[in-house]
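Both of the next two complexes hold chain A, though its partner changes from chain B to chain C.
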Partner chain A sequence: MKKRIPAVLLLLLILAAVLVLLLTRYGYADQDRDAIMAPSTAQHWTGTDELGRDRTVRVAAALLIGLTGAAAAAAITTAIAACFGLLAAFSPASIATLLLFVSDVFLSLPWLFLLMMARSVLPLTASPLETAVTTFLVLAALGWPACARAIYRGAIELRCSEWMIQGHACGLKKRQLIKLHLVPHLRSLLLPQFLVCVPAFIVAEANLGALGLGVGEPMPSWGAMLLELDNSALLARSHWVYLPIVLLAVVLLILESFTTEVETHA
Partner chain B sequence: MSLATTMARRVGRTVLLMLFAAAGTILLVRFAPGFFSDSREMDAKYAQAAQAEIQAENSQQQSVRQIAVHTVESWLKGDFGESREYQVPVAELIGARVRVSAVLLAQGILSGWLLAICFALPISCLRTGGLVWGLPFTVLLAIPSAAMATACIVAETGGPVLVLSLLIAAREFKFLRSLLEGAWCSPHLLQGRAQGLSARALVTMHIVPNVAPQLRALATLSIVTALGALVPIEVIFTVPGIGQLAWSAVMNRDLPVLVAVSLLMACGVGLASMLSSRSVTLEAA
Partner chain C sequence: MRSLLRSSFVSAALVALTAVSAPCQAAPRLTGELAWAIHYDPKTFDPAKVDDQASELVRYLTGGVLLRLNRQTQALEPQLAESYSVSPQGTLIVFKLRDRLRFSDGSALTSTDVAWSLRRVLAAATQAPVAEEFVAPGEVTVDTPDRLTVRVHLPKRVIGVEKSFDEIAIEPANRPSEGRVTAGPFTVSDYRRGQYVRLRRNANYWRRDSAGVQLPYASGVRLDVLNNREQEISLFLRGEYDVIDGLSPDYFAILTQRSPQSTRDLGASLNTEQLWFNQSPAAPLAEFEKSWFQNRGFRVAVSEAIHRADLARIAYNGHATPAYGFISPANRMWHNEALQYPHESVAEAARMLATSGFHRSGNQLYDAAGHAVKFSIVTNSGNAARQKMASMIQQDLAAVGMQVTIVPLDFPALIERLMHKQDYEACLLGVANAEPDPSSMVNLWMSSSPNHQWNPSEKTPATAWEAEIDRQMELQASSAVQQVRKKAVDRVQQIVADQQPFIYLVYPNVLQAISPQLRGVQPAILAPGLVWNIEVIRRQGGAR
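Right, the complex of A and B next:
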């Protein structure tokens, strides 16, 4: 039961966010010009921002966008890393060395610096949806090297495992070895990588957004909402401005404990 | 393989990685939209002839090969080219900022480590309640560095060193605690405790020598973590260091500066990786 608590909490948060978006009459970009920087009211539960947009709706949308984008990017990254790691583990030494060197080139620059460089060279003045897709695609495209290394190490262990060697000795064909021995063990190799990537990508998006390189306005994102903290006039009026940062920390804590639980029980 | 050969191979690999990082930066920026735009073209003070000269100067550096040759020439000259944004040699720009960033990194890493050790050592001895005592670090781990920096500015407390040290402490506390918990449970330590050795003697004689290699590897990896966090922290706190220069160069497509900063970052990561020769042991821990 204990191991399900983080998953249940995460589901409850997602459900609450979906309900907020379905039940409220405001969209995340809708402005209430009579309630600019409004405090908490019956209409706007957590107040509005400097453009009169409902904060509850924006935080709920940011949560869903962040989680969906990060999960999608993590899935792509894990797939790339799996191809790369498995190819390096099961190919001749020269090809493996070359593939690992390619991953080392990506790892030779600090992650956030590389992200910032790659994201900034792509169009920043595109539509909000395009900037969101671009941001998460950049995360997916640059997040794989560390995962590929971990998968490579796991795959090498698999390749040298006793059952694999016995299968070889028994005359199993390569295809049979892959089907019978490799694929069933991939889940335990790939799932932790995927789960580690999700919170890492959410944090990276928040950092990029805070530098002005994340998802474009008016689409809400964690990074864009952190920029709200720069507005001292808004801070003086309402403490709800801190809601995004608190919720972000809660989401990351839940994801972290979920990952730990899965890794422990894997 | 002799020590000299191993070292030569590692240095060669690091240099090669640095060159690839620089080449990657050139490719990335060269094909970025807006690379050919020059703010001087919009300036009315430049006459028609000057505008034409600017365009001719820009067109000279259009192919990747030309850019690469120009970059290597500037490296050989030692000035790393001229900044497009500031119109001064890149070496001059970087030289002034390296010191600021190095001091920030050193202070942040040292205080972060001190904080992590001070908490990890007693918490690792606890039989129960370790999770509760470690909770602040878990929470810190869940806060992006940019958010931490913004929160510091809002609260008008602390500065870049505090944010960097909290970030390092949060990251290293997790590894340190797991390392130390393992060390406390080792058989020779249990015997030492049974023989009545004091906690201080146990730490200095048994724990520190045993975990020193892993600590060394962990410490060098902190450099990589700190280098990554340098950009948002310096930008948010407006610290005139390498991170802020990198951000400004990225936003203004200042290729010579960006290539030099990439080289510097790759050099930092490469040196850190070279020093952490026991990173495999660390990962196993």
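Right, the complex of A and C next:
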């Protein structure tokens, strides 16, 4: 039961966010100009921001956008990393060296500048949704080498495992080896990589947003909302400005706990 | 990946910590010394080569000038020159110097020093920015009939050229000293790069107060190089700094909360915040977009759809004034009181768009050819008020069916797009007007100017109304009759209000903080707003 607590908490958070978006009458971009930095009221449960936008709605939307984007980026990263890692592990040494060299080159790239370049070549009229998709795609494209290394090491262990050697000695064909021995073990290899990537991408997006490089306005993101904390005038006006960072910390803790549980029981 | 996660989380938390962490320590204050912060190091101490704010402030505090513009009355007052006269043709200016003037090192200041300083500023080799104000500085000659008289001969009349003498510091002939030997109230005594500039009182300064006490009252000025408003405010509240000029509305609110007696809102400044569309035929935009932006009805409709009072109230916490023209009401001499401009009305905006060939389907506006009206507004990142205004304009224009995206860009990238590539659709930026006289704005309004932002460097005016603006600006720049100049500038204001090449949004208010310990401050909207009368400012109980 204990191992399910993080998953349950995460589901509850997601459910709460969905309910907030469905039940409130405000959109995340709606400006209530008569309620600028409003305190907690029946209309705005956690008050409003500097443009009169409902903070609860924006935090809920940021949570869902962050989780969805990070999960999608983590899935792409894990898939790319799996292809590279497995190919390197089951290829001749020369090809493996080449593939690992490519992954090392990617690891050494200044990803922040690459992201800035990618954002700058986007057309100015790119919608907030397009900027969000681009941000997470670039994170996915740049995040795979570290995972590929881990998957490569796991795959090497698989390749040298007793059951693989035994299967090979028994005359199993390559297709049968992959089906019977490799695929069932991949889940325990890939799932932790996927789970580690999700919170890392959430934080990476938050950092980029705080630098003004993430998701475009008015779409809410963790990073854009954390920027409010840089304004001490706002901090003095409402304690609700701390809500995004508190919730972000909670989400990251839940995801970390979930990953630890999965790794422990894998 | 785990370590990446942790390090990233730590950096995210730093965003929060920057708001509360402000470890700061100012250099110790000397007795009777005034202190405040400048945001970066002066680029130069050579008074002839000043072209940045920090250097300009040092020149203002140290340089002795022939004439000084009173920042409150906006009238010229004699300083080193006891009197001056301008010939009826405007081509000869004669200065009569005060007797027994001395530089800070005790040497005599005569017409020879004045002529040398003027010639140095006018020489092409010096590349003094102020020389441009003489239009043809190479043809200006200076002579000295006697030790107290200086004559400046101009090839032709230049309107308002007398004000340029407020920016020319007189130095000892053939001994330029970068502010260490001056005829102004202070001299540069110490400079530590990235830390501070220290100025010492000039014991030979010519001015005395009505009781005969020699000015300046303060024993010196320390200008700390500090580009962090949080720290600056913290030091101000601790009494380490005496003044803060150019506060943003957010910081003004913090200071007002903690020290209400210190803050001053002087009302509208001369500066403007505006939105404009790219009308350049050379812009790499689709032809249908250019046709929108060149359409007066489209621009007027955008202007009518924007709620300026909301921009002032929300983006500036009420510390801004809605703007409808390029001359602020703070500029009493030149503001057009009878200006007629498009009033805010979403219904009127929709009607204007319909008569201009646009139609609406659902929540989206389309042009006559069926193109959805979508465009981006670029602005500079890091300016909270501008980004808030852009978000509000985004919502205002959605009400008439326009889809707007906001693109904050860092300043170099923004300038590259505006000035070189012209690759943008609309831009939200501000213009800082240092001077009330419209002559200083000529480079913005003449169609041939590279700073004519909506369509830079036109070979011939693209429209009849731009040609009319050119004519009126030339008229105001050449006429010596004030009424003629005023009429011409009023006409330009009306054309701009009719055509909306710039859609003016707000005039940000002048927000300042003054230590309750300070005496003699007379806040003004013109720079240096709080210390323009530095000679008579002193700290209460601060012995010299």
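General remarks:
Simple rule for what comes next: the second predicted complex is superposed on the first by the 249 of 266 C-alpha atoms of A that agree within 3 Å, B and C clash if a C-alpha of one lies under 4 Å from a C-alpha of the other, contacts with A are read in each partner's own complex, and residues count from 1 in each chain.
One rule holds for everything that comes next: a residue touches a chain if its C-beta (ideal position, glycine included) is under 8 Å from a C-beta of that chain, and two chains touch if they have at least 3 such contacts.
A quick note: this is a predicted structure, and the numbers were derived from the prediction, not measured.
With both structures placed on the common chain, the touch criterion links A:A89 to neither chain B nor chain C. Of the two partners, chain B and chain C, it is C that touches more residues of chain A.
Looking at the shared chain after the overlay, A:G52 reaches chain C, while chain B stays out of its contact range.
Shared-chain residue A:A132: touches no atom of chain B or chain C. In the superposition on chain A, A:A61 contacts neither chain B nor chain C. Within the superposed three-chain model, A:A118 lies in touch with chain B and out of touch with chain C [touch as defined at top]. Of the two partner chains placed around the shared chain by superposition, chain B and chain C are both touched by A:N207. In the superposed model, A:Q31 lies in contact with chain C only, and not with chain B. Shared contact residues of chain A, touching chain B in one structure and chain C in the other: 120, 199, 203, 206-207, 210, 222, 226, 229-230, 232, 235, 245, 248-249, 252, 256.
Remark: chain A residues 104-105, 107-113, 116-118, 120-123, 199, 203, 206-207, 209-211, 222-223, 226, 229-230, 232, 235, 245, 248-250, 252-253, 256 touch chain B in the complex. On the chain B side of its complex with chain A, the touching residues are 13, 17-18, 20-21, 24-25, 28-29, 31-33, 138-139, 141-147, 150-151, 153-154, 224, 227-232, 235-236, 243, 246-247, 250-251, 253, 258, 261-262, 265-266, 269-270.
The part of chain A that touches chain C in the complex is made up of residues 29, 31, 33, 36, 50-52, 120, 124-128, 146-147, 150, 193, 196-197, 199-200, 203-204, 206-207, 210, 212, 216-218, 222, 226-227, 229-236, 242, 245, 248-249, 252, 256. For chain C in complex with chain A, the residues that touch the partner chain are 1-2, 4-5, 8-9, 11-13, 15-16, 18-20, 230, 250-251, 253-254, 257, 307, 310, 313-314, 374-376, 378, 381-382, 384, 387-388, 390-392, 394-395, 405-408, 413, 424-425.
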